[in-house]
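Across the two complexes that follow, chain A remains constant while its partner is chain B and subsequently chain C.
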Partner chain A sequence: MTATIFKKELTEMLRDGRFRWLSTSVLVLLGAAVLMGMAHTRDVQTQHETAQAAARQDWVGQGEKNPHSAVHYGTYAFKPTMALSAIDPGVDPYVGVSAFLEGHRQNQFEFRPAQDATAMQRFGQLTAATVLQLLIPLLVIVMGFSVFAGEREQGTLRQLMSLGISPGRLALGKALGVSGALAIVLVPAAVLGVVALTLATPGAEVAADAPRLAMMVGAYLLYFGVFVALSLAVSAKAPSSRLALVVLLGFWIVNGLVAPRAVTDVARSLYPSPSSFEFTTGIQAALADGLDGQSPTDARMAAYQQEVLAEYGVDSVDELPISFAGLRFQKSEEMGNEVFDYYYGGLNDTFESQNRVRSLSAVVAPLLAVQSLSMGLAGTDVAQHRHFSEAAEEYRRMYVGRMNEDIAQNAGAGRYVAEAGLWASVPEFDYQAPSVGWVLANHRLSILLLFAWLAVALTLAMRAASALRPV
Partner chain B sequence: MLKATDLTKTYNGVAALDRLNLEVAPGDVFCLLGANGAGKTTTINLFLNFIEPSGGTAQVNGLDVTRQPLETKRWLAYIPEQVMLYRHLTGLENLDYFTALSGTDHYPPDQLRAFFKQVGLQDGVADQRVSTYSKGMRQKVGIAIALAKQAKALLLDEPTSGLDPKASNEFSRLLQRLSGEGVAVLMATHDLFRAKESGTRVGIMNQGQLKQTLTTAEIGHADLERIYLEQMHD
Partner chain C sequence: MLGRIIRHEWTNLAADRTVWVLAGLMALISLYGVYNGATWSAFQRENIAMALDEERDRLAGHRAFVESGQEPASRFRNPLSPDSVGGSMGRRYAYLPPAPLAPLSVGQSDLYPYYFQVSTNSKQSFLNTHELENPSNLLSGRFDLAFVVVYLLPLLILALSYDLLSSEREQGTMAMLLSQPLPLWTLALGKIALRALVVLALALGFSLAGYTAAGGALASMDALLLWMAVVAAYSLLWFGLAVAANALGKGSATNAMLLAGIWLVVVVITPAAVNLVVTTSYPIPSRVELVQALRTATEDANARSAEVLSQYYTDHPEYLPEGEQPDPNDFTLRSYAVREDVERAMAPVLERYDGQLLRQQTLVNRLKWLSPAVVAQEALNDIAGTGLARYQHFLGVVDRYHDELRSYFIPKVSARATMTTADYDAIPVFEYQEESFGEILGRVSAGIVGLALPMLLAFGVGARILRSYPVVG
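Moving on to the complex of A and B:
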């Protein structure tokens, strides 16, 4: 019986010119977004691989020079781009994917496409994620708002309900009908996406991404399920199909347009992030006078020198068995790191607090839940950006430390030049992206809220269906 | 088969149906006569459990329609004044859909076409989209749906409105045949002539009350009209 209803709903939808037109448009948009995303991701991946290799080559091939020059010469770290970022670029265009690693300072990330974007692009790039998060729900609403209300208006509901069919089965059949029509759009897009993904990336990587892809598909299906169930509930409850459409579009606007912006503002006012100017001047001041603002660098360095002299039991740096220059560089580095840890740590904590507000706000808009989960699975959320930037910073400190150590151990009086082999002894930067488990744990609130939304929507749909009256 | 006991429906204190007592036995064709607003459609809606009674009970085959809304509908077939169908589907697909949801056995296409023939729809019409159908044709599809359901009781709300006299006559004969097969029929109508022709009994309703019940075999057409008009004057 449910199968009969499903078949009939689908047949009707397919014979409706409006549906054909609408679903073709959405399919074309989704397909274009996926292909463009894939092409972009592939370009970025190739560029990063080339650039990373070039950066390493430059580093290793520095020739004989003073290690401190090498510290200043620096190197680059590139965040590996996951193939799934083609679907959801997440925060990457805003926070950047590469960092210049050099001595004395922790740099902010570079290559931020959003910085170069025109004002128009602020309205959002066409990404597969945008289509999935905004347009597909709209398609669901357009297909679903009249399933009950329309039949009531047409009078077919009277005849249908005179047959003695259970409202639950009717609702289930109709839900499946809408889902089936949706599948006509989504399945070709998904096949296209997987084919493009496979062609764009080496086989092993596709296999590695498969669990993330499967979970992303699951997250979006849950999200669409919420809209299917809500459309059914409103359609069964509303006195007219026009009102049903108005109510559902209202929800769509709040969910997709109002809530994300409002929540961002609320999060910012609860946990204000410093302006770029405040942040930079704060760091400058702290580097000069310490975090407490009372300890000038020179004074601290002089104290450190006394400490070292006392430790070795000598009166001047020239009598030290090691080069004090190396120690001084390292001490200066450590004093700087303390400042960077404080400022960047604080900044990241602020971002995380803002994100928590966003995740919690998914209570009012399921978009916020699926958005953060989608970014997480695509490897482009704030947490994974932080994970990478911390790894890059750790690498920076490691190699700067080694250079300073080399100076301390080997530099005597006069000009010191290290052998060319020193550079290769610094291991290559090998970033390990966090596991899916790590990502899921970060997003457990979003997962929970997504399931909660579906449960609530299904309950509303079942209730509305069982209270269904044809008159 | 159909039984109303003190069946009452009030809207904001006004009785749309006032303590209706009625019994339609298998083979009976009971015609409810009355003006618009007399309570005929309300009675049918109550038997279908589309609206909740304010008092009394409606029973189908001994079961209360509010307690067993799905079971009681298994015995019923309903033809409204305007049979509404799915415009994007063909006549045959509509018939197939409604019969499949009736819970009756699945009919092969030949048999479904046979129902079309039985109600006087021409060959070829079955495969056309319903959006091209006239009102009379839709009404016939409604009758076909009721036939296919093999119901033990028919609830008919002005089923012949919009049918031409020939089709209307065919419908009356169909009712007689069904009545002969032991189907109980409750039909709301304005048509005194049709009520006298195809009904075994008529009930005259006015302002929510069943005023008088007559057996058609015992009364002439002129008498029926006179009695009807008398009741309407009240």
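Moving on to the complex of A and C:
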């Protein structure tokens, strides 16, 4: 019986000009978005790999010099691009692409791609993620708003129900019909996307990305499920198909356009982030006088010197068996790092709190849940940018520490020049993206809310179907 | 007759509870939008004020040191040296104050830096700053009044007028109405005029209320009037589309679908597609290439620094005091020459970004007419001073100020002069010169024409089709 309903719904949908027209447009947009996204990702990947290799070459080939000069010469960290960012570029256009890793300070990531874009960027990029998050739900609504309300208006619902079919089965059949039509659009798109992605990326990476991709597919299926169930529920409940359409379109607008923006300002006012001015002046003040504002760096350094002298049991730094310059540089780094940890950690925590508000707001708009989960799986969310920037900072501290250690061990009195081989002894910056498990743990709330939405929508659909009025 | 229809429509509309709910909702979100924009403007103003306070205190401190006649503690941080002062200690802020209407549209202002610390150093050293902002917030954008106008106001208009004529026909009242000596177009005009009056009163009222609430001065009334003109043209365009759709004589449900489809194409799909076309036509390479080019150029200039130095004074005889000869071994002078050489070498690299962005914008300016939403958004950003044009104007002003600072300090460095208190008082101060209102007016007027033409077209086509309107059936 369900199969018959499914077949009828599907046939009707496929014969509908509106559906054919709409689904073709969505498919074309999706295809264009994926292809352009992949071309862009590949370009950026190559550019970043070339830059990272050149930065390494510069570092290794800097010739004989004092290790502290090398620390000032510094090196760069360039953000790698994940293959899946072709599907969902997430916040990538809005975060810097490189950071200068030098001694004495932690620098911010510079060059946000969106600054090299016209205002069109802010209308929204045409990406696969946009199509999946905004346009597919619209397609579902257009297919689903009249499944019950339309039959009721035509009077066929009365006939149908007089046949003694259970409303639950009827609803199931209709849900399957809508989903089936959707599958006709999405399955070829997904297959094409996966094939293209596999051809465009090296084999090992595809294997590594497979679980992320699979879960992304799952997340979107849940999201579409919410819309299928909601459309059915509203269509069954609404007195007219016109009203059903208005209600569903209203929900779509709040979900896709209003909520994401409104929550930006709510999150900002709940957890205000410091201004760049306060942030940098705060760091400068803390570098000079300590985080408590009471411990001047000079005094702390003098105390440290006494400590070192006492430890070695000597009276002056000249008598030390090692070079105090190296120790002083390292101590100064450590005092600085404390300040950077406090300020950058605090800033990133504020962003995280804001993003938690975003995720929590998925209670009103499921888009916020699927958006954050999709960015997470694509490796383009704020958390993974933080992960990368912290790895870069760790690398900076490691290599600066090695240089200072070299000065401490090898610089005697007089001018010290390290051998050119020292630079190559610093390992290359090799960033490891976090595991899927890490990403999922970060997005627990979004996953939970997505399932909750599906549960609520299904319940509403079941209830509305069982209380179905034929006229 | 028209007056009677308008009065009657008002009675009808006023009796509909949904209309009041919609209007109330619109009022609420408009004020929320203005509140957000005003908060952001105030935040920017506050930071500019803090920066200027910091600058004043810092310079006063250095000046007091010079006055006291003490010996400087460090060669690198020396308030007496024009090199130290011009290079870092005496850096001054160049800032872009939010325009009077900035609270109405955040536009691109959350993305662009609004102040720089200008010194004699290279532009590269101070231009790459930005306000700290959660990238997720930048991705979604802000909820400001411009968003309400561009995205949501059309929906209110369509909700009020998608069944302008179709509902009368579906209720069977149309035939009765038209059996009176009443031309159809008068009926349509009366209905649309009342709705337009209501919507415009709402939209313009909120603009005015928001503007006043955000502390707008009466002096910039001309900008406010321009804002209202854009809002009015954009709103009337949507009314025109509603009339044209109704004139087709289809049912209310079909009208609703058709108009919602147009809205989707105009507001969501076309802008995104234009963006895709523009970024694919003129792709801008990742700035990572810039980083490497800068490093190579610097090393290259350093290696040739003696040669670079002599070239420098050939190019800038004004930097060299009369009768002086530059010391080719002077490390400080060399660094200035190297800086300029790097800037020259970097110019073509930077052109690949800035020139490409310019080409993108030119293409956007050509393609934007495809979507009235883009035209409206760009015009509103222009009026609010939060678009690309005013930002580029600001960069030009900063550029000139940077030159001014260099022309002030570098001759003193070349002459190995010592900074006096009088020198401190004479350090050039940044003054932002606003774009002339004429320039803004020119850009915005083009936008208004770009909205008015399709509006007239929609009304014209609507009136044309209305002639063969099926009154019954």
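Everything that follows uses one rule, which is that the second predicted complex is superposed on the first by the 469 of 471 C-alpha atoms of A that agree within 3 Å, B and C clash if a C-alpha of one lies under 4 Å from a C-alpha of the other, contacts with A are read in each partner's own complex, and residues count from 1 in each chain.
Throughout what follows, a contact is a pair of C-beta atoms (placed from the backbone, for glycine too) under 8 Å apart; a residue touches a chain by one contact, two chains touch by 3 or more.
Computed from a prediction, not measured in an experiment: that's the story for all the values here.
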In the superposition on chain A, see if there is space for chain B and chain C together, and answer fit or clash. fit
Of chain C and chain B, partner touching more chain A residues: C
Let me test your reading of the model: by the given contact rule, A:258 touches which partner, first (chain B), second (chain C), both or neither? second
Between chain B (first) and chain C (second), which does A:444 come into contact with in this model arrangement: first, second, both, or neither? neither
Based on the superposed arrangement, let me know which partner A:33 touches: chain B (first), chain C (second), both, or neither? second
Is A:72 contacted by the first partner chain B, the second partner chain C, both or neither? neither
One more residue to check, A:20. First (chain B), second (chain C), both or neither? neither
Three-chain overlay, closest Cα atoms of chain B and chain C, distance in Å: 16
Contacts from chain B onto chain A in the complex sit at residues 45, 48, 50-51, 69-74, 76-78, 80, 82-86, 88-89, 93, 97-98, 100-103, 142, 145, 149, 155
Show which residues of chain C lie in contact with chain A when the two form their complex. 29, 32, 36, 39, 43, 46-47, 50-51, 54, 107-108, 111-112, 115, 128-143, 147, 151-152, 155, 159, 252-253, 256-257, 260, 264, 268-269, 271-276, 278-280, 283-292, 295, 353, 356-357, 360-361, 364, 373-374, 377-378, 381, 387-388
Which stretch or stretches of chain A touch chain C in the complex? 18, 29, 32-33, 36, 39-40, 43-44, 47-48, 50-51, 54-55, 58, 76, 78, 90-91, 93-95, 97-98, 100, 110-126, 130, 134-135, 138, 142, 241-242, 245-246, 249, 253, 257-258, 260-265, 267-269, 273-279, 281, 347, 350-351, 354-355, 358, 381-382, 385
Within their complex, chain A touches chain B through residues 1, 4-5, 8, 11-12, 15-16, 154-156, 158-166, 469-471
